[in-house]
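In what follows, structures are represented as C-alpha cells.
Note that subunit A is present in both complexes that follow, paired respectively with subunit B and with subunit C.
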Partner chain A sequence: MRVLYKKELSDHLDSTRYQILFVLLACIMIFAVNGAISTISQAAQQTSDGQTSVSEFLFLQLFTTSGSNVYSFSTFIGFLGPIVGIMLGFDAINEEVAQGTLNRLAAQPIYRDTIINAKFLAGLTAVAIMIFTLGGVMTGYGLIRTGLVLTGEEVARIVMYLLMCTLYISLWMALAELFSVTSRYAATSALASIAIWLFLTMFWSTIVSGIAGSIYPVNGGGYQAQLNAISNYSLQTGLNRVSPYYVFSEITTILMNPNVHSTNVVSLLTSQEGAVASYLSFGQSLLQIWPHIVLMIAETVIFFAAAYITFMKREIRA
Partner chain B sequence: MKKNFLVRTGAAGMAAMMLGVMLTATPVMAAGQTEDSTEVVVGSGITMYTSYPGLTVKAGDTATFALNFTNATSSGETMELSASSKDGLEGYFTGSSNTVNSVYVPYGNNQSLVTYTVNVPDDTQDGTYHITLTAKGASHTSTVNLTLQVQELDLGASTLKAETDKQSGDSSSSLSYSLTLQNNSLETQTFKLSADDAPKGWKVTFADSNGSSLESVDVDPVGSTTIKVTVTPSSDAGAGDFKIPVKAVSDSENLEQDLTATITGTYDLGLTTQSGTLSFKAKANKKTPVVLDITNSGNDTLNNINLTATAATDWTVEFSESTIDSLAAGETREVTAYVTPASSAISGDYAMTIKASADEANTSNQFRVTVETQTVWGIVGIIIILGIAAALIAVFNKFGRH
Partner chain C sequence: METANKDEIVIRTVDLCKTYGTLKAVDHLNLEIRRGEIFGLLGPNGAGKTTTTLMLLGLTDPTSGSASIEGLDCTRDSLAVKNEVGYLPDNVGFYPNMSGRDNLIFSGEMNGLTREQAGERAKQVLERVGMTEAADRDAGTYSRGMRQRLGIADVLMKQPRIIIMDEPTGGLDPQATTDLISMIHDLSKIEGITILISSHDLYQIQKISDRVGIFVKGHMIACGRIDELGRQLQNEGLYMFDVWADRNGDSTWDKDLLNDVRALPNVKLIGRKVDGTIHVESSEDVQRGLEETLLRHNYTVREMHRQGGDLDEIYRKYFERAEAGEKGGKSNGRSKAGADAGEKRTGSDERPSKIRRGLSRILGK
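On to the complex of A and B.
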C-alpha cells in the first residue's frame, strides 16, 4: 500500500497537469494577495484619518478581501478549488482501465482496495501539499508586504482554514473519483464532475431562490409576505447548504472573520438586541461551523465509500 | 448791651489814638467794627477751653482733647502750654501734626488750635484722674481742668472664641472655622495650637488669616488674632455630630474651645462581581450563577436595596436575594445572580445591566456576558464523524476481499 501510495503521489507531483494547476493557483494567489493588500492599506489609511475602524484580525483579511478588480483568495478557492479536485480525481480509475494498466496492477500481490485507497490518499496528499504550500507562501508574502504580526489565534485560524480548503477540494476529488469508477471514459467522468460543479456553484443558488420564492412568496408586500420572509430565507439557506460551495463560503466567513457570530442570519437578527460587537474566540468560531465541517467530512466519506464499493464490486477483465 | 459796650470801648480807644482830623471818620469806623461783631469774643482777655473736659476711657486707650482759644484782647499773644497732674498721667500738645509747647493765639475765636493727647497706661487703675492744663502768656493766663474717668481693662483670662462653632458637611468635604484668640495679659504670649482630642483619623490644621499654616501663634498684649481652623473628617466618618476640642496653650494659660462638626450622611452603593470583573461567560439557555458583591461604601445604613436586571429579550436574571432589607455602612453582601441567556442567543458578547437601588442611593453596572455555544453539539458532530468512520471501516471489511 505504501509503495502504491508513494508511486501515485509521485505520479501526481510529476504530472504536467498538477504543475499547471499549481502555477495557476500560485498566480491567482499573488494577484489576490496584492489586491487585498491594496484594499487593506487604503482602509488602514482611512482609519488613520479617523474614518473607519480596522479589525483586530487584519491579517485574516488578506485571505478574504478582494482587490479593486480581482477576487479574493477565498473566492478563488471556492470557485477553482473544485476544478483542482476534479482534475486530480476524474481519471483515477478509468484512465488505468483505458490504458490497460489496471489489469497489471490487479495482478500484483496486493489487495484490490489498496489501489483505490492509495489513489485517494495520494490525491489528498497532493491537494494538501498544494494548499499548504500556497497558504504558507501567501502568509509569508503577506507578512513581508504588510508588516503585520501574526497572533497565535490568527495562525490557528489560518491553519484551520487551509485544512478546510483541503477538505473542500478532497470532497470534489472524491466525487470525481466516484465518476471515474462508474464511467468508462475519462471524458465522461470529467464532464459529469464539471457539470455538477457548475450546477452547484453557479446555478444552484438561483434555483434555490426560485423554489423558496414559490413556496414562500415574498413579493407584493403585505403581512403574509413579511411573515414569509423569514421562512423563505431559512428555506433558501437550508437548500443552499446542499452545495459544498455554499457550505465552504460559510466556513470561510466564520473562520476568517471573528466578528461574524453565526451563519444563521435569522438568529443573528433576533438576538441582535443587547449584543455587543465583539470577536468570537477560535473555539467558539469553530463551534459555529462545526456542523458544516461534519457535513463536508461526511460527504467526502460517502462519495469515497461509494467509489470504493463500486470499484470493489467491479469485475476487472483483461 | 455788653456787646455794644465793647464795641464802643474799642472805638473810643482808636479815636483817642488818632486824634484831630480822624475824628470825623470815627462814626464810619465804628460802623465797620459793628459789622464784624459776630467774630467778637465774649469776656475779656484770653480764654482756653475744651468742649468736653471730662472723658471716660479704658486703660491703654488714648484720650484726646481739642483745645479752643478765645482772644478778646485787641492783639494776639503767644502763650506757653503746660500740663500737670498729681496722678502722674502724662500727655503732650500737638498742633498741625507737630508736638508743640507754645501757641500764638490771634484775636478772636480759635477752634481746635491745639490738641492735648493723654496716653492712659494699660495698668492704670480704675478711678478719676485730674489734669490741669495751663496756657501762660505775657499778660494773660488761662487754665482748663480735665477729668479722666479710667475704667480698668478686663485683664486676666485670655479667651479663645469661635465665631461659629458648628459646621456641617459630608465626610469628603473639609470644614472651616474661624477662631479669635484674645490675649488679655500684659505680655506677648505664644500659644501652641492643637486639637489632639479630635476623633481618630480626622485632620485639623490651623492657619492665620492669610492662609499660611500655623503651629503656634504670638499674640500681642491685650491683642487678638484670628485663626482659621480647617477640619478634614476621616473618609469613613459616619453621619452625626462630632466634637473637636481645639486647644491653645501658652506658658501660663490653657484655653479650649469645642468645635462641632456635623457630618451629613453619604450614601454610596457598590456593585461588582466577586472577582471584580464586569464580564462573565454563560451558555445559551443555561442558568449561570454569578456572585455579586454589594457594598455599602457610604457612611450610613442603606435600607431596602432592590436588585433588578435589564437584559436582552428572553433572558432571565434571578437573584438569590432580590431585596436586602438593610446594609450597614462598610458592609458587603454576597448575592448570586442566576443569568439564563435566551435560547436563541448566539455566541458573542451581550450587554446586561444590573441595578441596585436602595431608598437612599442607587447604582448600576453594565456587565458583559460572553455567550458561548454549548459544546454538546460539537460532541454530537464528533459522534457523527466517528459513525461515518465506523461505517467506512465496515465498508472496507465487507468489500475488502482480504
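On to the complex of A and C.
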C-alpha cells in the first residue's frame, strides 16, 4: 500500500499535467489577488473618506473579492477546481489497463482494493499539496502587499476554506475515477466527467430556475405570487444544491464572509428586514455550513464507493 | 530450489467452472500439475485458457468448483497464492515513464523487499534475462521481445516456486521465441520451478512441455505426455503420406497397387488429391512398407511427404473430434473424426476434407 501510494504520488507530482495545472492556478492566483487588492484599496480609500464602513475581516476578502476585470480566487477555484480533480482522476484505472500493467499489478501479493485506495489517497494528497501551497503563498503575498495583520480567526477560516477546496476537488476526482473504472478508454471517461462538470456548473442553475418558476410562478404580481416567492426560493436552492458547485460557493460565502448569517430563505428575509450587521463567530459559521460539508463528504464517499465496488467486481484481464 | 518429491501435486483444480451469462468459458476442469514440470495448456483462442489462469491467481472468481495451489485455495487465500506464484500475463505491460530497472524495483517493493534488496535482485534478474544494457532506458521504448523478457525478470523478482505464463511467445519473432523458450526450459530444469504455460503455439510448447492439456471450448479434451497422447490416437490415422510416384511416366496407380497398399497393416485411408498426389493415412509409420510396395509394382517414388506423430497432428485430431462431437452428438463423433482426419496443417477446414470423403468413397475405403 505504502509503496503503491508513494509511486502514484510521485507519478502525479512528476506528471506534466499536474505541473501545468499548478502553474495555471498560480498565475490565476496572482491575478486574482492583485485584482482583489486594487478593489479593496479603493474601498478602503472610500472608508477613510468616511463614506462607507469596511469589513473587519478584510483579509478574507482577498480570496473572495473580484477585481475590476478578473474573477476572485474563490470563483476560479469553483470553476477550475473540478478540472483539476478530473485531470488527476480520469485515467486512474483505464490507463493501467491500456498499458497492460493492471493485471501485473493485480498479480502482486496485495489486495485488489489497495490499488484503488492508493490511487485515491495519492490524488487527494496531490490536491492538498497544490491547494495548500497556493493558499499559503497567496496569504503570504497578501500580507506583504497589504500590510494587514491576520487574526487567529482569519487563519482558522482560511485553513478551513482550503480544506473545503481540497474536499471539493476530491469530489470531482472521485467522480472521474468512477468513470475511469467504468469506461474502457481514458478519453471517454474524461469527456463524461467534463460533460457533467459543464452541465452542473454552467447550466444547472438556469434549468433549476426554470423548474422553480414553472412550479411556483412569481411573476404577474398578486397575493399568490408573493406567497410563491418563498417556496420558489426554497425549491431553487434545494435543487441547486444538487450541484457541488453551488454547495461549494455557499460554503465559500459563509466561511469567508462572516457577515453572511444563513444560506436559507431566511437570508433573503433578514436582508429585507434590515437585520443588525454583526459577525458570526467561526464556530457559528461552521455550524451554518455543517450540512454542506457533510453533503460534500457524502458525495465524495458515494462516488468513491461506486468506483471501489465496480473495480472490485470487474474482471482483471488483458 | 528443492525438487524433493517429483510426484507432489502443486496445482489442482476440481470441477472448476466459469460461466459468463450463457457462455461456459471453463467447464468442469480437473487439472493436476506436478512439482517441477512444465505443463502446456493448449487450445485455440477463446478456449478458456486465460480465464483458467486468472482463476488460478484469484483474479477471477470461479462460478463453481475450486482450485488450489500448494494446498492454498486460490479464491480465499489469493494473497498467499500470489506470494508463491509468478504471473506473466499475455501482452505484459510496464510503466512507460519508468526505466526497466525501476519497474522491477517497484515490483520487488510490492513483494515486501526493501529498496536496497529490490535493487540488488533486479540487478541479478536483469543479468539473467540479458537485459542489463537496456535496463536504464524507459520501459516505453522497449520492443515486444524485450518487454517479454522484462516480464520474466519481473516474475523472477519474487523468487516464485510456480510461474504461470499466458501466451508468452505471442507476437515474438522466431529468434526471440527461441530465446524465450530456452529461458523457460532452464527455469524449470535448473531451478525446479513449476511452470504452467497457456498457448496456442504448438510447435514451441511441444519442445519444452513435459505434459500438455488440450483445451477446447472450456473442456479439457486430452491431457498427458505428448507420446501418450499419440498412442491414444492410434487407429485414427495419425500418420499421413503424400506420395507422388509414377511408372513409365504414368502417375496413376493401378488397381493392384492400390489393393496392395490397402493391405498394408494399419493403413486406414487412401485418397487421390486434386493435383494427382496419392494420400495415405495410417495409424503407424508405414513409410517402409509403402516404398517396398511401390518398388515391387515398378513405380518410382518422385516425392514423398510424411507428417504426423507430432503435437500439431495430435492437437488437430483432438480438436476435430471435439468439434465433431459437438456437431453430431457423441456417438458418431468418433467415426466422423476418423473420416475427417488428415488435411495439411495449413489447409482450410472445410474443402479438402469434403474432397477426401468423396474420394475415399470412390476408392472404396
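Please note the rule applied: the second predicted complex is superposed on the first by the 308 of 318 C-alpha atoms of A that agree within 3 Å, B and C clash if a C-alpha of one lies under 4 Å from a C-alpha of the other, contacts with A are read in each partner's own complex, and residues count from 1 in each chain.
Here is the rule we use: a contact is a pair of C-beta atoms (placed from the backbone, for glycine too) under 8 Å apart; a residue touches a chain by one contact, two chains touch by 3 or more.
All values reported here derive from a predicted model rather than from experimental measurement.
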Partner chain(s) touched by A:Gln19 [first = subunit B, second = subunit C, both, neither]: neither
First, second, both or neither for A:Gln224, with subunit B first and subunit C second: neither
Subunit B versus subunit C, judged by how many residues of subunit A each one touches: B
Which superposed partner A:Leu4 touches (first subunit B, second subunit C, both, neither): second
Partner chain(s) touched by A:Ala298 [first = subunit B, second = subunit C, both, neither]: first
First, second, both or neither for A:Asn103, with subunit B first and subunit C second: second
Touched partner set for A:Thr151, first subunit B, second subunit C, both or neither: neither
Subunit B versus subunit C as contact partner of A:Gln42, first or second or both or neither: neither
Which of subunit B and subunit C A:Glu315 touches, first, second, both or neither: second
Which superposed partner A:Ser278 touches (first subunit B, second subunit C, both, neither): first
Subunit B and subunit C footprints on subunit A, overlapping residues: 111
Touching residues on subunit A, where the partner in the complex is subunit C: 3-4, 7, 11, 14, 99-101, 103-111, 315-318
Residue ranges of subunit A touching subunit B (in the complex, touch as defined): 111-113, 261-262, 264, 267-268, 270-271, 273-278, 280, 284-288, 290-291, 293-294, 297-298, 301-302, 304-305, 308-309, 312-313
Footprint of subunit A on subunit B - complex, ascending: 311-313, 315, 342, 344-352, 368, 370, 372-373, 375, 377-378, 381, 384-385, 388-389, 391-392, 395-396, 399-402
Touch list for subunit C against partner subunit A, complex: 50, 54, 57, 59-60, 79-80, 82-83, 85-87, 89-97, 106-107, 109-112, 151, 154, 158, 166
